[in-house]
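Two complexes come next, and they have one chain in common, chain A, joined by chain B in the first and chain C in the second.
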Partner chain A sequence: MVNFIARRLLSGLITIWFIATATFFAMHAVPGDPLTQEKAMSPAVRAQLEARYGLDKPLIEQYQLFMSNMLRGDFGISFTQENRSVNDIIREHFPISATLGIAAVLIALVGGISAGSAAAYCKNRWPDRVVMIAVIAAISVPGFVIAGLAQLVIVALNNAAETTLLPVAGWGSVSQIWVPALVLGLGTMAYLSRIMRASMLEVLSADFNIAAKAKGVNGWRLFFHHQLRNAVLPVVTELGPTIAAITTGGFVVELIFAIPGLGRYFVQAVQQLDYTVIMGTTVFYGAFLVLVVVLVDISYGLIDPRIRLHRGRS
Partner chain B sequence: MSLLDVNALTVSIGPVQAVRDVSLTLEPGECRALVGESGCGKSVTAMSLLGLMPSNAKISAEHWLFAGRDMSQLNERDWRQVRGNQIAMIFQNPMTALDPTQTIGAQIAEPLRIHKGLSRRDAKMRAIALLERLAIANPAQRAEQYPFEFSGGMLQRAMIAMAVVCEPQLLIADEPTTALDVTVQAEVLCLLQEMRESSGTAMLFITHDLGVVAEIADSVSVMYAGQTVESGSLHGVFKTEAHPYTQALKRAVPSLENPRQLEAIKGSPPDLRRPPAGCGFAARCSQRMAICEEQPPQMACGDNHLARCWLWHKDHPLRWRQADALISGTPVWRNKE
Partner chain C sequence: MTISVFRFAPKTWGSADDLEMVAPIALPSMASPTVILSATVVVFLLLFVSVGPLLWQQSPSQQWLSQISDGPSPAYSVRVISDNGAWRPSALSDMPAGLKVHAANTEYVRLHWPVLEGVTRYRIYRGDAHKPGLGLAIADTSDNYFQDRLQLSRELYRYTIADADTGLLLLAREIRPEAAISAFEAQLQGLIPVTNNTSQWVELPAHPLGTDALGRDMLARLMAGGRTSLFVGVVAPLLYISFGCIFGAIAGLMGGWVDQLAMRFVDFVVALPFLLFMILFRVAFGIGPGENGIMPLILAMLMLSWPGSARLIRGQVLALRSQPFVEASRIAGVGTSRMILRHMLPNVLPMILVAFSFAIPQAIFTEAFLSFIGMGVSPPTTSWGALCNDGIKTLLSHPRQLLLPALFISLSVLAFNILGDALRDATDRRSGVVRA
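On to the complex of A and B.
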């Protein structure tokens, strides 16, 4: 097991190095640089600024400098936000994105597993139909449309109740988490409920399910002890890419709901060619996702004993 | 009083009349074999007896008593108390009938937890003791393992343990040896026999293997096209088979004493979406008469040996012919010319 984790982490490091290198050169291949602004800058000022940020050096030398700083965990100082280090930006804003993301993943998981199981239990009857139609809708409609609709609904509700039941946007209180998290997780929830329905249908007709019933197992015990654990594995498989989609897809939702998450800085940095912030956020997200995928791989073994690696003898 | 007394059980699933008329009785401690070819309704009968048919199946019976209780009146809540507690089932394929994500010990202990209210610890202890009785080495360690770590024969023993752990009055074994290789088959049969003798459990043994029937059963019911067509003691049914289908079935079994060409039964079973008006076997029967295709025969013959055949109707002129004529398997009845 230790061996397995070590191997996965090593290949993760190579992945991160690749992400960093590719992003670095792609970023520099884009015309312009962080100092290019609408206002003209005198050549003397520009030269001084370039020297200050090390942009006058050859690209390879800049790359070496970036890499050695990165290994020490230092991503430098933002070009556009004066005197703010990239590390500070991540430290301050990532927890917000992470909170939103975790809430979204939880909603997607619980919602997807429940809806998928319910649809499988009621196969071809109306609850199944309703869930499957909702799934198609949630997958097809883009997140920003749903976000806007959700805000309209909140406004209508608040107007009808003549008080503020739910805040429309902003960040800081618990009540401000759930609506954006639901919007963010909705597509994934739909996707997961389709997978869950298919694998639950398989479990429902499996011999061991009938055998468990023949023992007198029933109701919730049957669901949690026998059906869920066998049916949930394909959903867990999707969890890695799902978390990736939710964390990187979050910035649209963050923007619409005015949430000060990391996503906004990520997008702004690309628009303004803020080299250090681009590199910092990209490498950080990359590392985060590599870690998540390793964690998902480990969780397989906890759910299905056949995948438990340290027991593998044959 | 019989432990199980089912009369005229019928089960239909959508357009398919899977079970049309099955009558079974089991005395306490008796082992009855239910024999028949694939698709004749054996497994549907078994599942119905456990109340495990899907909700779209329609089940009815003239009467259906188990341990003096009218089973046709049971709701789902009552059934839950019966399953695994009073009636337990052993499934055909142990590789797929055990939950791959639970330890063997937990799966054997589960009925005790549900029905007897035992603590996790006590139930686990009982499960380990039972595994030991079933000749599994290192039962305490084995109980912590998962089904994928067991061989087929061991899995079937675990499955037997799971079924007998609550000491049910009736054990339904649905082809428990079919998925196993022959040496393991004998082992499992011995174990079942032992378990039955020590606890006095009655058993309904579903199989299509006539050799296994001869080894384990006290009495035999033969099914064809969703009906019991013959039933009686092991000796009665196997030595003096009364129904032409049973006769044909026996001729299709290879024998060492009398090596000859095996005779397959010509034709195929009727479509149970549109079962024939008369006898289900008439189309394949070498002794059929005009009436066979027009009216369904009723169970008739002797007191303890019944056959659903017009040949045994009380008005049939040859009804009282000695049964030993049947032993040779020669057609004693005149064919429909």
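On to the complex of A and C.
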């Protein structure tokens, strides 16, 4: 197990290095630089600014400088937002994105697992059909449209009630978390319930399930200990990509619901070519995702001991 | 089989072999109504974007600002009005009894009211007649007449005249302006000849789906946008799946350290945060002036999306290499190129097709997403995603402008997904595919 975790962490580190390098060179391939603004700048001022930010050095030297700073955990100071370090931006805005993301993942997991199980239990009867139609609808409608529709519904509700039942946008209150989180998690929930339904159907017709029933296990114990624990494995495998999709997909929802998350800073930074913010957010997101994938791999081993043994040996 | 005496055994219970036989029946078969319907939808969408613009031609010059965000409308006639700017009632001695309307059309509304004792300045309010409240204060005047030329549309307005000093409401009247077009505007759009300006009425084109926030015909915009969306949706997967297949096939065929190295590279590309890098690459490729931004989009997708098919094909090639029929043909002296073309390709082709059909809806989604956040195609080129981006700005007042392009995105994604499902089932059942 330790060996397995160590190897996963090592490959994760190499992946982060690759992400940082790819970002660095892709970013410098963009024509122009952060100092290119609408306002014309005199060559002397420009040269001084370039020297201050180290932009006058050869690219490879800048790369070395960036890498050594990154190893010390310092992403530098934003070009466009004076006196704000990238670390500060991340520290201030990532918790917001993370709260939204965690809420969305929880909603997607609970919703997906229960809807999928319900559909499998009632196969080919109306609950199954309702769930499957909802799944198809949620998969084929883009997230930003769902977000827009959600706002329309909220406005209609508020108009009907003639008070503000739910805020349309913004951040802070509980309902300002769960409405965007529901919107963000809906697509994933649909996807997970489809997987859950298929794997639950398989479990329901498996020999061990029949044996458990024959021994007289029933009710919730049968469901949680025998059926769910086995059927949930494919969902857990999907957890890594799911969290990735939700955290990076979050910025459309952040945009529409006016949530001050990190995603918005990334889009803004790319448009303004704010080198340090681009590098900081990408490497941070990349590292976060790599960590999530490693954690999911480990948790997979915890849920299913067979896999832990198998992987531990290989 | 003996266990089947248990009464609570589920209906689908059986051995693994039974399941193989049972499972495909529950899934949509190749000729099920759903599949036929989706195929029809796909054909309709393709015709919509290819033949549609030929049948439904809209002249860009007929973009009339008075028709901004109009609802669906048939072709209708409007009065041509020679507009000479300022106006005052011809006979001021002829005092109207109440609030008199001299003219009410979408170019101007002319109001005239009796001089009221003790009032030095009048304030004119205009509001939506269906809502309570006075609406907008549009002018203060000391005259007893007023001409409103402020962005009029064919809605029911309520005009209220108030005393500007005391705020006392004096007169009110509901007015629905008639559609009208100024002679100058009509000439500009080529609706009437420039030299012979005698016609009283002109015919305005129909807008079956209404107009957008700039007065452009929505149906024509949807057709133009669909071209971009479907083009990106088909061409990008075609490119990246081809590249991925070649990459994966080379890795699988060469084996050894080449394979190891290639697959490590694939692992890294997979680990890149997809949307962040889509945005980054899309900006890195840049758009010059006058370009529409479709090529950078496709290139960015190509660079990030190929690893999936590379892994798939490598696995297939590795599995095929150890198959007896491949070994047999190698012993029989079949050369490498013939081996690939005659023995390997027919076996992996169904898988490639299935991967392709699932990649189309994903590419459509990605394009829509990027255009939605303003990182996709650049105006005046449009796509369904870009139309959604325009539409969400006017969501609360005109939800149609978001819902229509969204409907087209959803329809195409759904139809391609169902076709992909059917294709996968069909190829699975033929079981020409080797399971890796």
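Just a few scattered comments:
Following the convention adopted for this analysis, the second predicted complex is superposed on the first by the 308 of 314 C-alpha atoms of A that agree within 3 Å, B and C clash if a C-alpha of one lies under 4 Å from a C-alpha of the other, contacts with A are read in each partner's own complex, and residues count from 1 in each chain.
Keep in mind that, in the parts below, a residue touches a chain if its C-beta (ideal position, glycine included) is under 8 Å from a C-beta of that chain, and two chains touch if they have at least 3 such contacts.
Please read all numbers here as calculations on a predicted model, not as lab measurements.
In the superposed model, A:218 lies in contact with chain B only, and not with chain C. Once the two complexes are laid over each other on the shared chain, residue contacts for A:201 go to chain C alone; chain B is not touched.
Using the contact criterion defined above for the overlaid structures, shared-chain residue A:230 touches chain B, although it does not reach chain C. After overlaying the two complexes on the shared chain, residue contacts for A:77 are found with neither chain B nor chain C. Chain A has more of its residues touched by C than by the other of chain B and chain C.
Of the two partner chains placed around the shared chain by superposition, chain B and chain C are both touched by A:210.
By the document's definition of touching, neither partner reaches A:291: not chain B, not chain C.
In the superposition on chain A, the residues of chain A touched by chain B in one structure and by chain C in the other are 207, 210, 213-214. Interface of chain A with chain B (complex): residues 206-208, 210-218, 221, 225-226, 229-230, 303-306. Chain B meets chain A in the complex at residues 47, 50, 52, 76, 80-85, 88-89, 91, 93, 96-102, 110-111, 114-115, 146, 148, 159, 162. Those residues of chain C lying in contact with chain A across their complex are 3, 6, 8-10, 12-14, 19, 267-268, 271-277, 279-281, 283-284, 286, 361, 365, 368-369, 372-373, 375, 385, 388, 391-392, 395-396, 399, 402-403, 406, 409-411, 413-414, 417.
Against chain C, in their complex, chain A makes its touches with residues 11, 14-15, 18-19, 22-23, 26-27, 29-31, 136-137, 139-145, 148, 151-152, 155, 201, 204-205, 207, 210, 213-214, 244, 248-249, 251-252, 255-256, 266-267, 270-271, 278, 281-282, 285-286, 289-290, 293.
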